[in-house]
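Quick one: the structure is below, and I'll ask about it shortly.
We call the chains A, B and C, going by the order they appear; numbering starts again at 1 in every chain.
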């Protein structure tokens, strides 16, 4: 890293302060005033956001307020949420998303810490495994779990024939909330490791050395420094996992069909169903889901702002 | 039909129940269907009396675009291939859509049309008529099609149907169930798999068939819902889907599905899983698919020619080769296909829904009550 | 290493045991579904026994013999690469500008980059279809790539922003300029090494997202432009073993690409967060 190569002792570089404006004037080629006032490098990003975020969201809001998504103005689409079926779907979705996000973040965070402090070779192998598994989702993932833990799965039959343990019926079912949680956890875990490893790698070894030099035990270092510094990226990652699970559709539908009531499956029925095709209701339910995601993410964002300064 | 639509305009029902696409729109004063002002081109043929002109027109267009008619479905790969080589049409494209999406896209794209022809579940035919997306065309075998299976003006026509059957993995299930009633027995604990009745037509028809088996009819499907509630309570409903891979892994052991899918799955899985196909004795149901031609079709002659081909004895035999049941009465079923199907007598229990005004409402009721009433969601 | 010497040896060993158990359990959890997928792809029949009744490579032969599947693989690769390039082209200049010249814009960009998190894939696809595809029927592959770019924007933005925030880029660039370096040299020797690791972890996430994505591809791409994941889902209806074989090919491909990316990033002077000690 450049910073390290410039300063092997990891001391901050001190440079004589100078006026960046003078520097700009010297370096930059002359351009018309109006052009230089325009933040050109930002333009592609901003145009993209307008075209793919803002306009579609406005269209979605418009559709959610029309009968069938293209008829007359109505608020009726939103009244769907007063139906206990959809209200419970929303509740179930939030519960399983929050649960698997916390589970995935805690376990994944610990694994990331272990990876970072492990050997170089182990790190490469584990990142390879994580990359492969983070690519594993949707229908193939559900099917892999069915082949393992379904009523006729590998582990189910192994337990029954070699150990006389019967998972079905009664003890366990893959097609239950427990099973769905296991499958969600499978796609949350690699994602957490992938996004958290860089963050934890930025814990500056100097701090730990300093703590050790002062005689602080390892746990004390983690408690007073490590956890506090890691709080911001951890919460940010938690929010991402929450959003990731809240929107999961293919995996859940492939595993349990309509047998567990979660909101993305209800939305999917309105978009893809043979029976209740209704883009208006789908839009309304989607926006309701988006509001809950937005709330979760804003909470996370506010929390992360506090400890951000530690890492700069 | 009108009273059904009016009852749907009842605000409370509108909120509570999913209303099929456009049924509401059609009567909505603020929204005029494009069909109201876009007139048919007068020179398009509405029957097959002048085949030469039809073929010449189709060849000039040299392309056809379909919705919901993919190659893998009911032998349509061979259907398209034969059609295109027979009439020398160069290009075909398909988008695999659900029935409701097909109709909605015909309508949405009226100004800038893409597709020519579609294949919809018959339950959507009234919606397609209401929205005015269909062009009339009577093919040359029109008179042989049963009355319940065609629109009097040629706006739609059933092209094939499926019969609902049980497919049973005989390696893992013994004895083989023969009726909806027998599925309730303790021998079939956690063994019966169906499609999602709230999301898929196959699952919805399954509940409909159970209603027939338990004394219900188009006007009353409650016995079907009660039957499945009972099946859930005794612990016999299994939440897996009756799809090929699930049968292949031995996960789905009794599946309720269309016979053309079941026969094809059994062929695919030969040597891996022993499967037996049974038409339930107490009731099965026919699931018809109807051909619709886009009123604004960019290749209108090709679309008409295709309908004519599908409903010719040649096209119907191709469907039969894909295990679909032809709608024409005296189609020759290839011998190797006939040998694999359950004996003709077994299909005596198959019922057809003839009043789709009632069927349409029943369909919605099943979709809406499945989660809250049957599964207790 | 003086740090470790100060700890009591017992606590250290106990910590190592806990760590080993945790890693082993996680590896087992992650590997078992891969294992069942590989087994199914190699099985002759596997419907009533603990392990398959026999083994064959037929499913792999079938996959490679099917030109449609090969085309699907090409499409998925194209989409992934295009998503990566578009994403980098949007995010890198914007973030450099913000870090170097206009820090006050950062909050706004951050907000815009977070928005896609709040919209699940089904919703995004629906919104994009109703905005662009239904009314205008614009090119589906292009819209698919742009939608993937949108979905991966938070990852892309966060990873590169984190890399840029970890160093005082402004000071470094000014220092380089004081030493007489031109923008080309600054880009190559100051900026790139600092964001390489961020780009790597962003690329891994984007690749994971775009190469196997199903819901958006199904809704947006339709049947005109079927990607790998769509053929995989279709195979579920013709032969589950082929679907499994395709999944295994996907694993192999991801493994090779990610190891290559890690190696490349590793060579760049052990740079960046991922490989940093």
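Operating definition for what follows: a residue touches a chain if its C-beta (ideal position, glycine included) is under 8 Å from a C-beta of that chain, and two chains touch if they have at least 3 such contacts.
Being a predicted model, the structure only gives us computed values, none of them experimental.
Shown here, the protein chains touch in all possible pairs. Contact tally for B-C versus A-C: the pair with more C-beta pairs in contact is A-C. With centres set at the average Cα position, the gap from chain B to chain C is 39 Å. In whole angstrom, the spacing between the mean C-alpha positions of chain A and chain C is 13.
For chain A, residues that reach two or more other chains under the stated contact definition are 143, 147, 152-153, 268, 272, 279.
Residues of chain B in contact with at least two other chains: 108, 172, 245, 249-250.
Listed for chain C are residues 40, 46-48, 236, 240, 243, each touching two or more other chains. For chain C in complex with chain B, the residues that touch the partner chain are 40, 44-48, 134-137, 222-224, 234, 236-241, 243. Considering their complex, residues 2-3, 6-7, 11, 15, 19, 22-23, 26-27, 29-34, 36-37, 39-40, 46-51, 89-91, 93-94, 96-98, 102, 105, 109, 112, 114-124, 126-128, 130-131, 146-147, 149-150, 154-155, 158-159, 162-163, 165-168, 170-172, 174-175, 177-178, 189-190, 193-194, 197-198, 201, 204-205, 207-208, 211-212, 214-215, 219, 229, 232-233, 236, 240, 243-244, 246-247, 250-251, 254-255, 257-259, 262, 266, 269-277 of chain C touch chain A. Interface of chain A with chain B (complex): residues 67-68, 70-73, 76, 79-80, 83-85, 88-89, 143, 146-147, 150-153, 168-169, 175, 256-259, 261, 265, 268-270, 272-279, 281. Here chain B touches chain A in the complex through residues 11, 14-16, 18-22, 24-25, 28-31, 98-101, 104, 108, 121, 172, 189-190, 195-201, 204, 235, 238-241, 245-246, 249-251, 363-364, 367-368, 370-372, 375, 377, going by the rule given at the top. By the touch rule above, chain B contacts chain C in their complex via residues 70, 72, 93-97, 105, 108-109, 112, 114, 169, 171-172, 243-245, 248-250, 268, 271-273.
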